[in-house]
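Going in written order, the chains are labelled A, B, C, D and E, and every chain counts its residues from 1.
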Amino acid sequence: MIEFRDVTKRFDDGTTAVNGLDLVVEAGTITVFVGPSGCGKTTSLRMVNRMIDPTSGTVLVDGKDVLEVDPPTLRRGIGYVIQQAGLFPHRTVLDNVATVPLLIGWTRRKARARAAELLELVGLPAELGHRYPVQLSGGQQQRVGVARALAADPPVLLMDEPFSAVDPVVREGLQDELLRLQAELDKTIVFVTHDIDEAIRIGDKVAVMRTGGFLAQYAPPAELLTRPADDFVASFVGKDRGYRSLSFVDSSGVEVAEVPTVVEGADAGSSSDWRLVVDAEERPQGWVAPDSSVVPGGSLYEVGASIRGALDAALSSPSGLGVAVRGDGRLAGVVTARQVLDVIESRRG
Amino acid sequence: MIEFRDVTKRFDDGTTAVNGLDLVVEAGTITVFVGPSGCGKTTSLRMVNRMIDPTSGTVLVDGKDVLEVDPPTLRRGIGYVIQQAGLFPHRTVLDNVATVPLLIGWTRRKARARAAELLELVGLPAELGHRYPVQLSGGQQQRVGVARALAADPPVLLMDEPFSAVDPVVREGLQDELLRLQAELDKTIVFVTHDIDEAIRIGDKVAVMRTGGFLAQYAPPAELLTRPADDFVASFVGKDRGYRSLSFVDSSGVEVAEVPTVVEGADAGSSSDWRLVVDAEERPQGWVAPDSSVVPGGSLYEVGASIRGALDAALSSPSGLGVAVRGDGRLAGVVTARQVLDVIESRRG
Amino acid sequence: MIFADAFGWLVDPVNWSGGKSIPVRVGIHLLYCLGAVLGAALIAVPLGLYVGHTGRGGVVLVGGSNALRALPTLGLVTFLYLVAGGGTTGVLIGLVVLAVPPILAGAYAGIQDVDRGVVDAASGMGMTGAQRLWRVEVPNALPLLVGGLRNAMLQVVATASVAAYVGIETLGRPLLDGLRVLDYGQFVGGAILIALLAVVLDVVLAGLGRLVVPAGLRLSAKARRAGSPKARSGGSQSRRRGEPAPVESGGSTA
Amino acid sequence: MGDIPKYLSNAGTRAALLDMLLDHVYLSLVPLVVSVALAIVLGLLCHRFRQVNAALIGISNIVYTIPSLALFAIIPAVIGTQVLDPVNVILALTVYTTALLVRPVAEALAAVPAHVTAAATAMGFRPLRRFLTVELPLAVPVLAAGVRVGSVSNISLVSVGALIGTGGLGTLFTDGFRQRYLAPIIIGIVLTLVLALVVDLLLVLLRNRLTPWVRAGGAP
Amino acid sequence: GSKEDLGGSGQQAASGEVVVGSADFTENKILAEIYAGALKTTGATVTVKSGIGARELVVKALQDKSLGVVPEYTGNLLNYFDKTNTTTEAEEVFTALKGKTPSGLEVLEKSDAEDKDVLVVTKATADGGVKSIADLGSGKYALGAAGEWAQRWEAKIVELYGVKFTEIKTTDAGGPITVDALKAGTVQVANLYTTSADIKANDFVELEDPKVMYPAQNIVPLLRSDAIDAKGKDALNKVSAALTTEKLADLVKRVDVDKETIANVAADFLKSVTL
């Protein structure tokens, strides 16, 4: 657990970076700090591991005032993932990951073994261990950064825009990875980003900060979207917030219906209905229109996932029928936008 | 008009950056090249103004093979906006903008006058003209970059990730600016980005490229979202494509209904209906729930804008009623998600 | 006490008149230095600009200028004296050889360090090679170029004393003569004069640098030093160094 | 030039040449090693403290204006060493080389990306360890470039010591000059060049050993 | 010099090691090499440090124990130790020198060999009637000499001969610069040394010195008393006894003109001496 108690940070030049921050990060959760550039996210984060000391107020980690711990000792118990990975360019990937274990006195052999284990954990092939950071892609470097922060198995993890340097597709993969890891490792994580989508996607709770170091709202993401505390938060979470808030509504209430299918390659015959093309494993491949033309399909959603996906599947489908699949990718059935809307409205009531 | 005819670029080290590109950029339109890093966007762009010459194939500008034109002459007729502006640090903003006019022999006085005019056009105060680039913010520098490229009024404009260095909010402003400018100036623009949202937002047509220099799809953005050519494009345009494609459906078919209102500060009384709070100028401020509690409102949409906004307004509204406003921000009426869906479905038919 | 002796020598009126007076020697010293730096600049600046501009021959250039650095000036001067049968040419050539590497490094690194984006923008706007060089690359290279000249001048001023060994009346004369008879006053006085001359020339060149270096670049350098975020998004982020001080920065010749 | 074989044919001459060469190596490389150590310390101070930076850069500029010949001979008068003591030359060259190296070291340290040092701090490195294991290794490429310039110029500067009778290959120049004998001068120049080249090569090898990551693909 | 002597020259007396120094001109270097050879036969460890600069430097080096012994010249050495000295005749000079040598240092027996300063002119100038220093007159000619000449002799030459030079150009101590200056005519009079090979080679004419301005300059070893033992001193005395001006001039010529090595020339000479 991390507690900020009326924490203020004023720099020598008079800038107030953080202003009376009061906030509790529960153990085992991910809290995201989000806000425009310069609003004090990094400063707040760095007060946890004493990279910066507060001007007033107290920061507690597991109930203990951080000012009472010697900084290097404190830091060795807190993983820190920095923007742009911050890898040591002069050390191999393996040695980068082994850094903290070696610092706290593990043998080289044991530290290396641990590092190799962690590379696997973050989904990197073992042979990358002997490369240098420059020889990795941006996304791989980010993973190494995460592995390095996890090396000594610290209960607390601070992540400062860890994925900002990679392109959107890779970034999404890294976010998934982080969520998977967290499910496994159960750390207390503070995550900084200026990307509200990222915040909503990975945060158990999100702290929206405003320029001047003020906390504008601290709430679970669904609440942020549906009940922004003020105009600033509303405009910051963006104009698609109605649609996006559907991420937090589960789709279990939406009944899927059967749909006629045609196996790929087989003769489609003719019909006045839209028919779904599936492959031999029953995975959806596209549609055959009433005029027998084959058209690509819309997006798919997984049964049990959020209703946002169900709505998009229906909206994007050329037939108007959103395709639902099971976890293994096989066809589960179809839904209409109207059905989805009904569920959404019933939830509201 | 710009034509790529079976254009291939292979670098000395064997990398094929562009592979058999066939594509026509219509005069007076914005074409966006989009794709993952290293897919050959920049290379394609630079073959237009001969910063790079193709290995095979032909690039034509206004029907003329560019290889037949002396590069400096060709380039003076083509505006080029480079990533991170590429401003000359040793020249004032005004002189930066006046560069091409001076190169093509304008008098200094005339070039300066033109430059001042352009600063105004891109929305920069005249007094910035006498500063040096280092004295501007990132967003201001980007604007100067655009102004510089426009200085000699070239019919063709090449823009390579011109807005990538600025944060999302500023970036959106710059995109709007570009669209406004284009409405006024009617240039033939090739725009490179790796951000699919940006591509969809500003492109009349979008060319999605795939690693290896292949053109995956070349289509208007709506088509890209509704009918991605293959899985690569589908995954590249992202999973909200059904919802996002609504950006290209106008909301004029959605009839707005009246709604009871309460003027801000006035006594709300009690009612079993949701009532909209408006200020003295009739601008929506939030809702009064049937239990008389005041709750913040959802997103607003402008009458006549895309139906995407209308749907989000309905979804995000605590009352289930999406609020429509006029151009001046005054209340126009309310819509339900169901109404919006009806319009969407009628459009599909 | 040494410095008192030196002061005594410096203010002794005997040393301020006649054919071997301080002003005459300062003049001769100055002439050799200016000549050598000018000569070296005539060779090194075009070469550095050419190699920096075209990117061709960088390796040869760096290797060659390192070899030049290794040439012992004393060896060169004595060799040339015996071959050419006199001191003047030998000393001039020796000093030119000394001055070429720093100037070359300054010119080459100056052009090389111009931000890629800026150079690209210049060609993209339709500048010819020459226009790009003179309107964009050279102005941006000026801080390093001037730095190279200042380095060269310092080394030449200090080393021109060796010329006295082959009979030229530079400020090396009191140095060598003082040394022969351990007359520290004369010796240290000479050294002080040389150091003063070097400082003055350096200040003059620095002033000249301020005149020719465009204001925008000075502002960028300042902003970079202050670590302002604006400077990071500014037009010249690939330039690692600001205006170099006279001491040669090794990085430029790596 | 036909004199050269004749000059070299004498065994005593060859032995003397070897002696001078060894002297030269000693006189030029000892200062180099000492200055690298000094420059690292001073560079660190420059890097950490702004005022020190300004002061040291100023001082090193001034040091550079003192003629080498003068420094060689003033040193014994100032610190009381023996007149002919090679320590004078070594000290003088140490002063020069340190002046030359402080700036690149400070710049190299400043060029270590802030996120890398911040990462080290955040992992719990104490300052000294961070300096020795992170900042310093990363500064090696720039430092090496400075050291290469330093070694080359030291090797050529030692010759000047011959004017005050301090060993090294420079003696060949003064001797050859007095006798109007080109052979020793040419040999002196060639040996100086070869020495500089060999030392430079060794430095490049050493740098490459110390910086395997640089060749793994691009600068740090 | 070799590496070992660089650091440890201060302790030479204790370790039986002797450093022989020399000034920076050929003859002196040959002499140093000869001294070294002679001392080696006595079993001493000897190194040579040659090309040290002027007397002032050499004497200081002897005193601070950098050097043990150097070949010196009676007249100049006496003038150095006694700035007020006026004697110039060989025996008188030597006697005075022994008296004026500072404690801790000493001179051994002087040799007959002598290498004194001499003013020379080109043959053409000599043919124009300049045979003696007295013929130089006042304000007619420029002199080329080493840096310290003016300080030592400018007043003296006025006093004895009334000669005033238009300019005293600093060249070098009888080296190429002086000779070239005389040949090129930038100076008309040059200060050389009697054993210089250049005089003959260029047909220079030595000016007579009837009033003995330049003192006798017999070769004499100057040493720090505790640097060399009795055997060593004996060996040096034998060397001095065997040396003559002609032999010395020949040795110098073999090095400067015939480019033989100093070591060889010195060794050859030593063979002719019975130590």
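Operating definition for what follows: a contact is a pair of C-beta atoms (placed from the backbone, for glycine too) under 8 Å apart; a residue touches a chain by one contact, two chains touch by 3 or more.
These figures come from a predicted structure and were not determined experimentally.
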Other chains in touch with both chain C and chain D: E
For chain C and chain E, chains touching each: D
Chain pair whose interface holds the most contacting C-beta pairs: C-D
Rounded Å distance, chain A centre to chain D centre (Cα mean): 53
For chain B paired with chain E, centre-to-centre distance based on mean C-alpha positions, whole Å: 92
Residues of chain C engaged with two or more neighbouring chains: 81-82, 166, 176, 179
Of all residues in chain D, the ones touching two or more other chains: 162, 164, 174, 177, 180
Numbers and ranges of chain E residues touching at least 2 other chains: 53, 57, 60, 176
Which pairs of chains touch, using the document's own definition: A-B, A-D, B-C, C-D, C-E, D-E
Touch list for chain E against partner chain D, complex: 1-3, 6-7, 9-10, 24-26, 49-53, 57, 60-61, 64-67, 175-176, 255-256, 259, 261, 263-264
Sites on chain D touched by chain C in the complex: 57, 60-62, 64-71, 73-74, 77-78, 99-104, 107-108, 111, 141-150, 152-153, 155-157, 159-160, 162-164, 169-170, 172-174, 176-177, 180, 182, 185-186, 188-189, 192-193, 195-197, 200
List of chain B residues in touch with chain C within their complex: 49, 51, 71-78, 80, 82-92, 99-100, 103-104, 132-138, 141, 148, 158, 165
In the complex, chain B residues that touch chain A: 36-37, 167-169, 194-196, 225-230, 234-236, 238-243, 245-246, 295-296, 298-299, 308-309, 311-318, 320, 322, 337-338, 341, 344-345, 348
Chain C residues touching chain E - in the complex, by the definition given at the top: 19-20, 81-82, 85-87, 166-167, 169, 173, 176-177, 179-183
